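Across the two complexes that follow, chain A remains constant while its partner is chain B and subsequently chain C.
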Partner chain A sequence: MPRKLACLVLALVTAASLAASWLAPAGYATQFREAPNAPPSRRHLLGTDQVGRDLFSRTLYGTRISLLLAPAAALVATTLAAGIGGVAGFLGGVPERVAMSLTNLFLSLPWLFLLITIRALLPLNASPLASVLATFLMLGLLGWAASARVLCAGARALRTSELLLQARALGLHGPRLFAVHVISNLKPVLYAQFWISIPTFILSEANLGILGLGVPEPMPSWGTLLKELEGVTSLTEQPWKLAPLLVLIVVVTSFQLALSRQEVPL
Partner chain B sequence: MIAAPEPLLSLRLSVDYPQKARVLRDVRLEIGQGEIVGLVGQSGSGKSTLALAILGLLEMKDGKAQGAIRFRGTDLLRLSEREMRTLRGSAIGLVLQSPLSSLNPALKIRTQLKEAWKAHRKGTRDECAGAIRNALASVSLPVEDEFQKRYPSQLSVGQAQRVLIAMAVLHRPALLVTDEATSALDVITQSEILALFARLKEESGMSILYISHDLPSVAGISHRTAILHEGEIVECAPTDQIFKRPSHPYTQRLIASLPEVPAGGTLPIVKTTAATR
Partner chain C sequence: MRRKIARHLIAITATVLLGGLVSAVLVRISPGFAIDENQLDPRLNAESLRALRASHSSEANILRFYAGYMNRAVHGDLGISHSLGQPVGRLLRDRVPVTGRLAAGGLALAWTFAFGLAAALAAVRISTCDVLAIVLSGILLCLPAAVMALLSVLWNAPASLAVALIVFPRVFTYSRNLLLNSYSLPHIVTARAKGLSKLRTLFWHVLPSCAPSLVAVGGISVNIALSAAIPVEALCGVAGVGSLAWQAAMARDLPLLVNVTVLVTLVTLLSDAGADVIGYVLSTREN
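What follows is the complex of A and B.
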């Protein structure tokens, strides 16, 4: 039941964000200069921010960016994890030891500082779209290590299995053997790792956004929307400003609840 | 004077594992063209090690072989991994004990048969489909699409074992190594699979190394039987002789351990077609 509810919530939030162009009363950068910091009204459902932009519209567009790009980053990370961890476990021996040492090195790095450093290296004059793509690509390229360990363990267990012994005895070998017989058996793990990575990347982007290193203005994301909370002096007087945070919590929780079934092997 | 034909397989083999030395000690065995040889031994006696050595797959268990395995006049131990790959599945087939752990649970049986075919052949989709249908028919399985689209979990154990055999004989290998291939089956399915091996041997003339710890099944199918004990072949003779006049004390103990049927007779051994070559 909680899983169904979580899937329903995710489906609704995703549908609403994809329909932002129709549902949002204004563009995410449109300013209503006559109404900065306006409270919720029929015109502005969640009020406006400090420069008069409609918060409901920005939340919808921000959700779209996070929900589209976090899965894309998760796909990059999971593919890298399968390529590095899966192949290492399949080959065993020296390649496995080298790959796992690299993985351990990646896991031991201070993540947040690494993200901040690399994000700071990106050019300041990049367009908002290029910056947002670079941010999530960076998350994907740096976020493979934990999944690689899990996939390496899965492939290692398969390496000496009767299944692969039989396949080798039939003459299969190398990349074909890996692609056909190893990957097909690692699919449940791959799905689970992909699914786990999405909320992780959503939160990572939010962290970068709060530090001003995420998606650049005026493009909204959950990170930039949370950063705007810095300027709020009293949340008790303006509780509607917490709406993006609430959506973030609901979505991340829903991903975790929906995951319980995804982890079960097919 | 006519020279005796060279055996299909002739081996003299010792095998070591890192944790266990001399799992096989100077094992000598010959298998003639079209012959079925039974290899009997207790668990841990080295039967599966011998099967892996013949297929050049000992490295999967970190094993090391010494000696010679001559197959059609070529020493397999001197072949490179690339050369061995061309023999596995095409000239030498393997059938393992548990079909449900040997078949890929995530792939349809058609996909698995297709991959086995593509490992050694390049051809059109129709040629591949034809070869798969022939292989399935040769092991008395349905050839229809509906059956081919099934996953291993949707098959009975007997059907899954036949699929495994179909994969192993897809390229008509000269030698089929079966490692406890009937041990996990009920007696009726076991007798069906034994009859299938005998028929495949009759139809294609392939030789079979039938490895098992189950004496009655070995007696039912093998022309000759070798007894493996603690890494050594202690006796190798025509099956009839092994079961009626065992000479080695270990073989005598094995034969004596066979249960008697309640009617007072003996187990129905050495009576199927294969033993009459």
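What follows is the complex of A and C.
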């Protein structure tokens, strides 16, 4: 039951964010200069921000960016993990030891320190769209290590299985054996790792955004929307400012609840 | 035991060497490297400009640059921060104790509440309280660390409380699972059935059986607390290593940023290695 509810919530939030162009009363960058910091009203369902932008519209567009790009980053990370961890576990021996040492080294680097270091390397003069893509691509390229370890263990278990022994006896070797039998049998693990990575990347982008190192203005994302909380002096007077945070909590919780049954054991 | 310690030492050395190489490469390829503002001095003639360029050309080779960088680092010279105009070594010396106190305070608070709650719930097993605690830790897990820092500023709460709330859900979840697993072990079920008091069961049987895993969680929690230091210090205005890293990132000050990252990685590796060795000693004693 909680899983079905979580999937329903995710479907609704995703659908609403995809329909932002129709549902949102204004563009994400449209300013109502006569109404900065306005409270919720019929015109602005969640009020406006400090520069008069409609918060409901920005939440919808921000949700779309985070919900589309976090899975894309998770796909990049899972593909890398399958390439590094899966191949290492399948080959065994020295390649496996080298790949796992690299993975362990990568895992020992503090995630947020690593992210802000690499983010600081990105050019300052990139367009907002390029910066958004670069931020999520960076998350995908750096977030493979934990999944690689799990996939390596899965591929190692398969290496000595009857199934692969028979496939080898039938003459299947190398990349074909890996693609046909190892990857197809690792699909449940790959799926679980992909699903686990999404909320991690959503939260990482939110952290980067609040620190001013994520998606640049005027583009909205959950990070930039939560950054607005910096200007709030009292939550009891402006509780509607917490709306993006509530959406984030609901979505991340839904991802975690939807995941619990997805982790099909190998 | 010796082999375990040796393995950790090798891993730490490899990380430092690799981290140094990555740092050197990042600094080398960063925008503005090898550009000396003296080159803009109109009083310099062509020969002086050539000499200035030649002095930087020795740094063009990344490996040579890396060797020089490591040599200077070994002698305590971590370079000069471009944004703050001060030696990186001095900046780190001033700020490490601040972050240490913040992380230690946060960890102490988090462990007291998380482990206390997990132990109480595992021993008493009131399903309503269990569900409430799981929901609370679930909500805290869904909050970005930076939001926790913002809320602590808004409510005038101490920064160490924000770190504690970031660490709490992880420690609580792991501790609760470990304690529940231990309580289901046959010898502990027998001890409880024979009427051993709850406190005695916890201290004599449950804790010794899950101590090695708890120590490992302790090692991980240091990593979480240090990662939380960036948003908490940056947003709560604490002058520690985290806020230094954030300032460096905002100012694209790579020499400072990579040195901070290598230092935090070293601390993380040392805490992981320490936890692993202590856990190994405890598990061999338990066996």
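By our rule, the second predicted complex is superposed on the first by the 264 of 266 C-alpha atoms of A that agree within 3 Å, B and C clash if a C-alpha of one lies under 4 Å from a C-alpha of the other, contacts with A are read in each partner's own complex, and residues count from 1 in each chain.
What we mean here is this: a contact is a pair of C-beta atoms (placed from the backbone, for glycine too) under 8 Å apart; a residue touches a chain by one contact, two chains touch by 3 or more.
In this text the structure is predicted, and so the values were computed from the model without any measurement.
Novice: If you tally the residues of chain A touched by each partner, is the higher count for chain B or for chain C?
Specialist: Touching more of chain A: C.
Novice: Determine, under the contact definition given at the top, whether A:29 touches first (chain B), second (chain C), both, or neither.
Specialist: It touches nothing on chain B or chain C.
Novice: Output check: A:248 vs chain B and chain C. Expected answer is one of first, second, both, neither. What do you get?
Specialist: So A:248 only meets chain C here.
Novice: Mind working out whether A:133 is in touch with chain B, chain C, both or neither, as first, second, both or neither?
Specialist: neither
Novice: Looking at the overlay, what does A:108 touch: chain B (first), chain C (second), both, or neither?
Specialist: Touch status of A:108: second partner only.
Novice: In the overlay, answer first, second, both or neither for which of chain B and chain C A:45 touches.
Specialist: The answer is neither, since A:45 touches no partner chain.
Novice: When the two structures are overlaid on chain A, which partner does A:161 contact: first (chain B), second (chain C), both, or neither?
Specialist: Only chain B is touched by A:161; chain C is not.
Novice: So which bits of chain A does chain B touch that chain C touches too?
Specialist: The answer is that chain A has no such residue.
Novice: Touching chain B in the complex: which residues of chain A?
Specialist: Going through chain A, the ones touching chain B are 159-173, 176, 180-181, 184-185, 187, 266.
Novice: Show which residues of chain B lie in contact with chain A when the two form their complex.
Specialist: It comes out as residues 52, 55, 57, 60-61, 85-86, 88-90, 93-94, 96, 98, 101-107, 111, 115-116, 119-120, 164, 167-168.
Novice: Flag every residue of chain A that touches chain C in the complex, lowest number first.
Specialist: Chain A residues touching chain C: 101, 104-105, 108-114, 116-117, 119-121, 123-124, 199, 203, 206-207, 210-213, 223, 226, 229-230, 232-235, 245, 248-249, 252-253, 256.
Novice: Quick one: in the complex, what on chain C touches chain A?
Specialist: On the chain C side, the touching residues are 11, 14-15, 18, 26, 29-31, 138-139, 141-147, 150-151, 154, 223, 226-227, 230-231, 234-235, 245-246, 248-250, 252-254, 257-258, 260-261, 264-265, 268-269, 272.
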